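Structures are listed in the sections that come next.
In the two complexes below, chain A is the common chain; its partner is chain B in one and chain C in the other.
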Partner chain A sequence: MTPDTSTTIPFLAVPEAINPSTPTAVADRWKALNRSVTPALAALSVIFWLVGLHPVTPGQMGSLGLINQLSPILLLSYPILLAAVVLELVADRPRERLLTAYAIAGVLLVYGLQPASEQTARLSVAWLHVGFAQYIAAHGQVLNGYDGRFSWPGFFSLVAFVSRASGQTDMTPLLQWAPAVLAGLAVLGMRALATAVLGSGRRAWIATWLFLLTQWTEQDYFSPQAVTYVLMLGGLALTARYLVRPLPATSPRPCLRGRLVPLNTPRDRLLAQAAILLIALALAPSHQLTLFVLGGLLLVMLLTGWLWPAWLPWIVLILSLLWFCLGAKDFWKDHLDLVIGHVGQINFSVQQGLSQRFVGDGGRIVILTVRVALTCTVGLLAAAGWWSLHRRTTRSWTLALLAIAPFGLIILQSYGGEVILRSYLFALPFAAILASVAVDALLTSTWLDSRRTALAVPVVLLTALGLATVTARGGNDAYTSFSRADLAAVDYAYQHAADGQTIGALTADLPLGYKRIGAVRPLTVEATCPDFAAIDACVVAQAGDFLVVTPSQENAGQILYGFPAGWTSQLIHQLVTSGKYRLVYDQNGSRVLAETLGAPHG
Partner chain B sequence: MADKLLVSLSAVLLVSLAVTLVIRTVLAEQSAGTGSEPAPAFERPTLVRSLDIACAALAFSAVTLGILRVVLGTVG
Partner chain C sequence: MSARIPTTRQAVAATLALLTLLTGVLTAADIHTPLRWWITLAFVVLAPGWALAAYFPATEPALTWSVAVSLGIALGILVAQTMVSAGVWYPSGALLVLVGLTFAALVHHLVRRPVPSSSPPPLVPR
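On to the complex of A and B.
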């Protein structure tokens, strides 16, 4: 439209595009400001996080774990980063590079928190896995009859191979930052899956962020399940990109008998199938559960008419079954009842996975409640997303079934009380994809009062999810994390133990088994004592040649068993005064007792 | 002895399955084309169907032998 200049003074007539007071110019200025605001916010967030970090030891933590030790400035970094992410996502042209950088920052903030603030790697199982790998590196084979996990040695063999090839015999330095690296790779896999299913738009980024902010299960430590989970996500992403048609989020319902050929070349599909088969071959000897889940998810895709190559799920399931039959004899010859003994006993699985885990003091119950609330929130968001999708775009049940299918594990077995946790982990990628539809609807909603509210609601929601995950992930750190002094105490015990001797711990919360597997036997009184409340008698009978006592175990007794403060010191006093043990090492509350007859001298 | 025999037989079946599956998949994908043809339903060629049956038989045999090994191993 040509402005009417007849009534205006020529030198004051400013073109509309550069008039700072017109709505368009204001919008342009706001956009320009917005483009520099989001990187500034993200940078500020990382600075706050770095400034707010400080070292934390298990002795400082209570039953709420790490969250109580975090500084306010560090906690402030999470909403700031998420505000930057949401502002970037709602921009006219979201910048992919910046969103990638924000995702990397998000991985650091959520998964790098414990490695950055704790002195050593947490979780005793991670340390044990290093021991398994070092045994294979030293002997060239697994140790039969030692541990069921040796029946799936793929991951340990890979670490052993890297150890031998690099000449680095001690792989424990890999432990501390493994969660950040492996969770980061999982986020990358999630991003690939989300873009394959949802396209490269905003929803795919939201799905990636929902995954990043709600993965509270802590299965990303140095372990076979963490590596195989990344591989599984890679396999699913390849499947969704090359081997399915139509996309479930955009098209009408397909059917099993009338499956469509994907819109790509035979070469692309053959390469994708070869890659997925290769992934399956790597998963089969590496983890007992992951390949079954991948096969199950592919089967759901096939039965809903989404997957093109019908043979793929069957061959994946056959591979996992055949490895179990042919490669895991050491496991099933003694433990077959663990696998098939509870098939169909859903009550047992739920009791083991949920109700029996609700033990401990008030703080512990709060942490468990946060985990359940997080899981339910993701479930509700996914249900809302599916409903929105079902109403507007597609009548396909595929995505919903893919998000629900992993919970079928509950029918098969309790998986040592972890089946609900594992089911959530495997369901999360597709649940996050569905939930992203709901969150995207929030961002673009017209029923919220104003644009600011429409932006604030997702920021608050994502911040709540992120902080809940930080709380849940660090909730056990009072007893699952260790200090350098704890590690030095264990090292002392290993240095002085002779072949055939045992090193004992009161609870399982000690980094045992990371060296001399098969020569020195690690022992946990908690696992063998029929009544842990009457621990005194058990310790005298079972504690072994060396007994390592740390603040983490003190915390475990208080939080999980309701023992009084100082119970480990009282126990040590009793053992020493009885003459059965003597204190041979004491540093910052980490103590080593040696049985009197076999105690080291000098 | 029976255990080793079962493992060896399963391995032979698995290798046969892998070879048959590769041939079957290459043939099937080449027949399917790029997916841009107007006809939505894809009919498998007769040879691919025959190879599908062979794959199913090999896979079924391998799994049966594997399960037999577990049964014999746990009972024995």
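On to the complex of A and C.
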């Protein structure tokens, strides 16, 4: 019996490509309708998103962060866009330009959400990075001994170079939209890698979308790791396109000794190797981890017989070691224990990266659980994709090893408790490639009840991943985002602080350090107080010449430490009545205390 | 006589050459405008890298642009870091050198014959 397609919802309609029983005339009509339906759905999605946006300040957010503040109409934009994507992907001839436009819309919806709805750039570290770049712009050199990150100054030097050459002194306008731009460039790199590995078909688009919808790590703010990640993806895409030879589909074993010359010209291969070397040279002084990971991934490709130029992984690893030994001497001579002190201590890394992070109130635990669930889902989809490939065609372990290899970092060190997060970030490109095979199998599966279900299941899956990522990314925003009033308070403190004075914050959640690096010292009571629960005593002893208190810090205390509501006001009251500090600035809950002249230090 | 239709490569090369020229003029004349920073940033991220990436055979646009951005940022980092490490901090002069070299490469792309594309099969069979 012919299905009555005239009454079906257009975006769940069954395309003729996967329903050969549909009569040609009806199918043609539906094809024509669907061709206009997907752009209409995508446009509707962006309109919903724009209409649903509204300004959000940290003071409005609870422990679930941004997700609680999002309007239903904005949330509706995600499934609508993903329905457009899935319908376009299953069309007879998916239109590349439209899929590109949908991917740009996807980047805006997922990564542009916080820049569009929050008043200023979030994450205090991003502001500190501006301070580093401004110091280099002004002095033409790094500030030795100030911060370990100055030992890998490539990114800061680049920003300083461009800003100084164009006469710009304030680099903070770069901050707010940096996550959307840098994540967009990473998605571009992922698309390039996916097409190099999977060809230009549907799977490459699915891999790109899986990457876009599951990159919850928030390592795309204004930072060396965000920029070097883009470079790494570019290098991997070049490698996969020009320097590897596809293994025969039935080859079960690595063929290290019998590596095959890729199917291109010597000129192409020479150019690709030179380009990767150039990228590696830039990565070495820019980030401590990325070049090691790139070298490791290239080594996996070599050992599994994929990579043709055997020298490439070694030179990449040597470059990273050379910079570490010579360029980053200032860092390791003081922190050698930090670098090699926990090698092989997997338990320590896992505790730091996972179990010790599960602290805070109920909302915070929910957000952490969402992150773990997202990571596990990507892992399961990747495993299913690998199994599907392994069973049907490719008996190679290379892709699986490439997706697993970054987790080897856990053996080396805890990376300040971030090693699992970073490992996931580096594993994601190849995990997404494998997972795309599983999702593609869902789209074309015969075991689902109907073809309509075969379309609905991926839409639901992708929507769930996307909304989970939006939840996870905004989960800390109650304390990692700032308002204009917070920024004005910090600016006030910088304007009034003399050289050599300190500006303090109760927790690390304040945009400090974005100016006067080396002249005015930023400090955080949270970082130096041995028992933060007894903060009163620490503040008296350590708060510095100026103390900036904001709603973000109030939220951090409540969410992470279980302090009662109003704890910052209570503390301010104590400090003012003790005569040690006086309130010199108060705007919308953002307050600055200045130490009273002549007050004794605790 | 029929006019030759420019290829995509030539169209992009011409656009980026204009961006390069604009950056060079703004820098050399030290013109102060809020746009100058964004134009310079766009130049550094896009133009030098594309000028190099376009020497690869024509391929998927995502690969070309991903490589272009990666190489552009990499070149920018190398130029900046060399100055910082050597203690020779002349950002405007270095930018003008980069502008000159990039412009020459872009003009070469405008006049040279294209390299035929090579499309190897995907690594993972469909």
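One rule holds for everything that comes next: the second predicted complex is superposed on the first by the 567 of 602 C-alpha atoms of A that agree within 3 Å, B and C clash if a C-alpha of one lies under 4 Å from a C-alpha of the other, contacts with A are read in each partner's own complex, and residues count from 1 in each chain.
The rule we apply is simple: a residue touches a chain if its C-beta (ideal position, glycine included) is under 8 Å from a C-beta of that chain, and two chains touch if they have at least 3 such contacts.
Everything numeric here is computed off the predicted structure, so don't read it as measured data.
Legend: residue contacts after superposition of the two complexes on their common chain; A:Q273 is shown touching chain B, with no touch to chain C. Look at A:P285: by the touch rule set out above, it reaches chain C but stays clear of chain B.
Of the two partner chains placed by the overlay, only chain C lies in contact with A:V244; chain B stays clear of it. When the two complexes are superposed, the chain touching more residues of chain A, out of chain B and chain C, is C.
Once the two complexes are laid over each other on the shared chain, residue contacts for A:C325 go to chain B alone; chain C is not touched.
By the touch criterion defined above, A:W314 reaches chain B but does not reach chain C.
In the superposed model, A:L263 makes contact with both chain B and chain C.
Contact with chain C, but none with chain B, is seen for A:V162 once the two complexes are overlaid on the shared chain.
Once the two complexes are overlaid on the shared chain, A:L33 sits clear of chain B and of chain C alike. Judged by the document's definition of touching, chain A residues 262-265 lie at the interface with chain B and also at the interface with chain C. The residues of chain A lying in touch with chain C in their complex are 136-137, 139-142, 153-155, 157-158, 160-168, 185, 188-189, 191-193, 195-201, 203, 227, 230-231, 233-235, 237-238, 240-242, 244, 246-247, 249, 262-265, 268, 271-272, 275, 278-279, 281-283, 285-286, 306, 327, 389, 393-394, 399, 433, 437.
Within the complex formed with chain A, the residues of chain B that make contact are 7, 10-11, 14, 21, 24-26, 28-30, 32-37, 40-42, 52, 55, 59, 62-63, 66-67, 69-70, 73-74. Interface residues of chain A facing chain B in the complex, by the touch rule stated above, are 245, 258-266, 269-270, 273, 308-309, 311, 314-315, 318, 321-322, 324-326, 329, 332-333, 336.
Across the interface of their complex, chain A is touched by residues 26-27, 30, 32, 36-37, 39-41, 44, 52-53, 55-57, 59-60, 62-63, 65-67, 69-71, 73-81, 83-85, 87-89, 91-92, 94-95, 118, 120-126 of chain C.
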